[in-house]
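Each of the next two complexes has subunit A plus one other chain: subunit B in the first, subunit C in the second.
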Partner chain A sequence: MTGMTTPSENVGFHARRTARWHAGEVVFWIVLIGCGLLFPSRYLIMTEILRIGLFALSLDLILGYAGIVSLGHAAFFGVGAYAAGLLALHGIVGEPVLALLVAGLAAAVLGFATSFLVIRGVDLTRLMVTLGIALLMEALAERFSNITGGTDGLQGIVMQPILGLFEFDLFGKTGFWYSVAVLFVMFLLARRIVHSPFGLSLRAIRNNPLRASAVGIPVNRRLVAVYTLAALYAGIAGGLFAQTTQLASLDVFSFERSADLVLVLVLGGTGYLYGGLIGAVVFKILQEFFSTITPQYWQFWIGLVLVTIVLIGRERLERWVMFVPRRAMRALRRSKAEGGGAT
Partner chain B sequence: MTFLTILFDGVAYGMLLFVLACGLAVTLGLMNFVNLAHGAFAMAGGYVCAVLVNKMGWPFFAALPIAFLASALIGAVFERLLYRHLYDRSHLDQVLFSVGLVFMSVAAVDFIMGSSRVFIKLPEALQGQIDLFGVGIGRYRMMIIVICGLLTVALQLTLAKTRFGSRLRAAVDDPRVASGLGINVPQVFALTFAFGCGLAGFGGALSAEILGLDPHFPLKFMIYFLIVVTVGGSSSITGPFLASLLLGIGDVAGKYYLPKLGPFMIYTIMIVILIWRPNGLFGRTATR
Partner chain C sequence: MTLALQTIGLEKHFGGLNVTRNLSLNVEAGARHALIGPNGAGKTTVINLLTGVLKPNSGRILLEGRDITNTPVHQRVLRGLSRTFQINQLYADLTPLETIGLAVSERSGHGGDWWRRMGTRTDINDEIAENLARFHLLDVMNEPTGRLPYGKQRLLEIAVAIATRPRVLLLDEPAAGVPESERHDILAVVANLPRDVTVLLIEHDMDLVFSFADRISVLVSGALLVEGPPDEVARDPLVKAVYLGETPMSELPDV
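Presenting the complex of A and B:
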């Protein structure tokens, strides 16, 4: 009976094996915390990186895992940002963590409502519908400028201490550690989800929706679920933005934000959770680098990066970048195996 | 402003959108290439025309064909160098590539021409209004309707009646069989792409007066071009034409009657139509 396993046990075994924490992942988080301790003068930019990372993680859930190309993910980011901003401004929910949850839920509600529009139709229609929804939200925010503050944005947001204990300070120290905590919690949740049978079924849908439905996966329901989840993540990223910068203006909905986000994810690689986080670091470094050369025209270089990535090909680029690390890993593994054989 | 004037302005606006977007109707609608950078070619034509008229003193009507040629040339170069490698890539790649091009064009034009809005000096004959049966009609808009109307008829005839038109339809329907019949498919695509870009440039030059011309043109009107194509469907040139007329009239009327709602109406209508008929209002049911 030892060799006989039921399919579900088999799936569970493999899922658990891939879900194990790797040494590299632990190193990643230690490096992240180390950065926070080592560079106290860079809190603001590091907070921004974390925020972009969380936002990109959200897009990765639908693009990398479910294969939905969205050009309007800023809609949810914006809803989250305005929700968090308004809650703090009017003192409805004073406590930031709770307000962040409410912001995420607000975005999730919008995500759930619009998911039915998005799952209908093919790639191009999806692209148009997501783009249209983001533009719609922007137009709405502009229309109700008495609530949103129009192009000037929400002003005079004052944040209360987190959990009643930690005051936001001028240097962004609290904001940074708060963002680290939020990102880590959200990451753990995402990690749990993508390694669950639910996550596996999403990947099946991405690879071939027709076959996925043939093996009994309810394709549309799964897509609705993951779209709503991604909206929740984007809403929390947006809420984090409003809370740490104490700002929310119309540009949270802008097309550039959605487009930049796709670039972030592509820079880091789609379909694995660290892609968004690594992409955020690379993107921010590139942006800083370009804006020191040509402050006004950094977008040109960002565009050039996009075009180059596509022309070279994403797969080929990944092979080049991973060439040295893969070699190193293989050598390490070989030496380990030899060492194990000798004893 | 009477109802008829609004209708007239809307038709002029719609015709203009059609000339701007009909190149995209072929690349996106027929060849299934998501080209978000179409507006950049239109902008190129607009700026070429502006430089010729304002700086070098060319007459407006002489500058229009040059705008067409310049954009067509840029389109041809880009198609041969870049676009043709991406025809069979995924939509995500095409989106990334064309968004990259948009960003580059916006920053480049900003760098060369400055970020403020550019006006093209119009000849005296095109300024002001004429009174036709009690309806105030702008001369410039009148000219747009005439030119764009003629262009549309010419395009429709080219597609339906000429040898090139049938080659294009064959190449789009099934590239493999078409090349098996001896049609040079890449050449047909390249010519079509260049011609579409040329039309966009022509439209860009015409539209400087109505839509405004500044470096953010490709981003601002991207959604409008996409609406024309996706709502119009890709079965013929009539679909996008009717869609652009609807969009033009709807937008002008919306701005006049419900100025507070802004572009809200247009986006809502677009989403509703796409949900109701994912292949467009006038599209065929089968997609490639």
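Presenting the complex of A and C:
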């Protein structure tokens, strides 16, 4: 014991506790970097996983924290992708990092403008409004094919070196480490935000909007803010897509992209930031695994996995999976304590 | 006499149903005012009108002399009008520490801070600790609210409202649903609310009303029937008629 702690110090300690880095998180990022070093032949698929992870992180911000469901998140992904593609194609902003930021901001503008439509309704209305906006964007991209390249997409995107230093290479090595860096920075930012009073107020709104407004939380303003932020994230994910694949075509807006995203996030779990990243890994592995066994019916199996997870419940699954590791940890701790170590 | 809360000719209709009729309430600063009435008298509607959850069809609401008729819910709270709910409205996933922390953060204007981590401001921590201690919630401050015993949740419900530092507090049946064993704690908390906070109590329980209130308004069918000090209200033949059911049913429409 460390002598006397006042209730106030105690409150501060426990309030800051959730924001502290856990050992598991450090392990996660080390493993991620380790994968990059160990499997150089897999850069392309790993880059795709990172991109989906960042995109799912975006959805987690609105769904997991603020409770806004969306079936049209591809709208922002698409705007980011086209923005990054066009900026590179026409040499407007050559430097990729800066271009990525601009792409994110472009998506954020659309996010802000449409947020007022989205926050009005409840779940079903929100599903329809978000879906509608994505379809609208897709139709617009098709209509203005002189700019977007229509079904062929943007052709001949050539990327300049990142920060003027790192050239994109054929094997996707630069693209991968670039994506790792972007994901990590965006993750740190999201982590900071969700552990702030602002982030906590989002969780309060998801839990009980009536009570949230009854303690003085400006519910609508907070929802607009987080929706705009999520659009920024999705735009950056889309920009990353265009930059690392040198491609942007109509399917960036596709309904499947939005729907798969919800699937990814539900696989990984909502409301703890890692769900999207873990979900992206699981989704890709399942997709590869099932499509090698049954190339035609892999979606059937993914669907089955999803239904199982939702029905059994993540908490119960976690308890089953973690049963042995938890026991081992407990035994370890006990033997350590008996070993006479002062803690 | 200074009025903490005042309504002038408040009207609310739901379709053809008049749930609040020409209601003019005067709640004096520092008062312990009770609003009573039989089931269906429209008490909860009045609370919803006062807090801004519902918009009146006509009439005005003044908080300490300032018109708040069109002020949004959250701004009324920041101006000093807070409430508790008849049925607990809490955050099941959040702990009492987080729940109170949010209320204090918003009140002090730091609720929108997005770069600062929770728990890093000593002044806010002090205030959270003070509120938790006053409502005997320090020992359960890290439990998810959904898992707390009902009595503790009820205390938290009042604690959240107080944490916003209201000038006027609306208590909607504070002891509703609380088991007999925990009832005493709630009543003690209600009795010990700071004197500078004006309280409007909406209550069913006559024992609680008459032990607590220094002024009572009786609401029947959405309209004010009688207003006065407790002994006067208790003697009033109209009130007796309403509560003992001696009034012909035709005079009590939507009951």
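Just so it is clear, the second predicted complex is superposed on the first by the 294 of 343 C-alpha atoms of A that agree within 3 Å, B and C clash if a C-alpha of one lies under 4 Å from a C-alpha of the other, contacts with A are read in each partner's own complex, and residues count from 1 in each chain.
Heads up, the rule we're going with is that a contact is a pair of C-beta atoms (placed from the backbone, for glycine too) under 8 Å apart; a residue touches a chain by one contact, two chains touch by 3 or more.
Being a predicted model, the structure only gives us computed values, none of them experimental.
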Could you tell me if A:V262 is touching subunit B, subunit C, both of them or neither one (first, second, both, neither)?
-> first
Please indicate which partner A:N207 is in contact with in the superposed arrangement: first for subunit B, second for subunit C, both, or neither.
-> second
After superposition on the shared chain, which partner residues are touched by A:R120: those of subunit B (first), subunit C (second), both, or neither?
-> first
For A:L44, select first, second, both or neither according to whether it touches subunit B, subunit C, the two together, or no partner.
-> neither
With the two structures laid over each other on chain A, which partner does A:V11 touch: subunit B (first), subunit C (second), both, or neither?
-> second
Once the shared chain is lined up, is A:V97 touching subunit B (first), subunit C (second), both, or neither of them?
-> neither
Within the complex, subunit B is touched by subunit A residues 63, 69, 71, 117, 120-125, 127-129, 131-133, 135-136, 139-140, 142-143, 255-256, 259, 262-263, 266, 296-300, 302-307, 309-311, 314
Seen from subunit C, its contact residues with subunit A in the complex are 51, 53, 72-75, 77-78, 82-83, 85, 89-94, 97-99, 101-103, 105-107, 110-120, 122, 125-126, 128-130, 132-133, 138, 141-142, 160-161, 163-164
In the complex of these two chains, what residues of subunit B are touching subunit A?
-> 28, 32, 34, 82, 85-86, 89, 91-97, 99-108, 110-111, 219, 222-223, 226-227, 230, 260-264, 267-268, 270-271, 274-275, 278, 287
Within the complex, which stretch of subunit A touches subunit C?
-> 6-19, 192-193, 195-201, 203-204, 207-208, 210-211, 213-219, 222
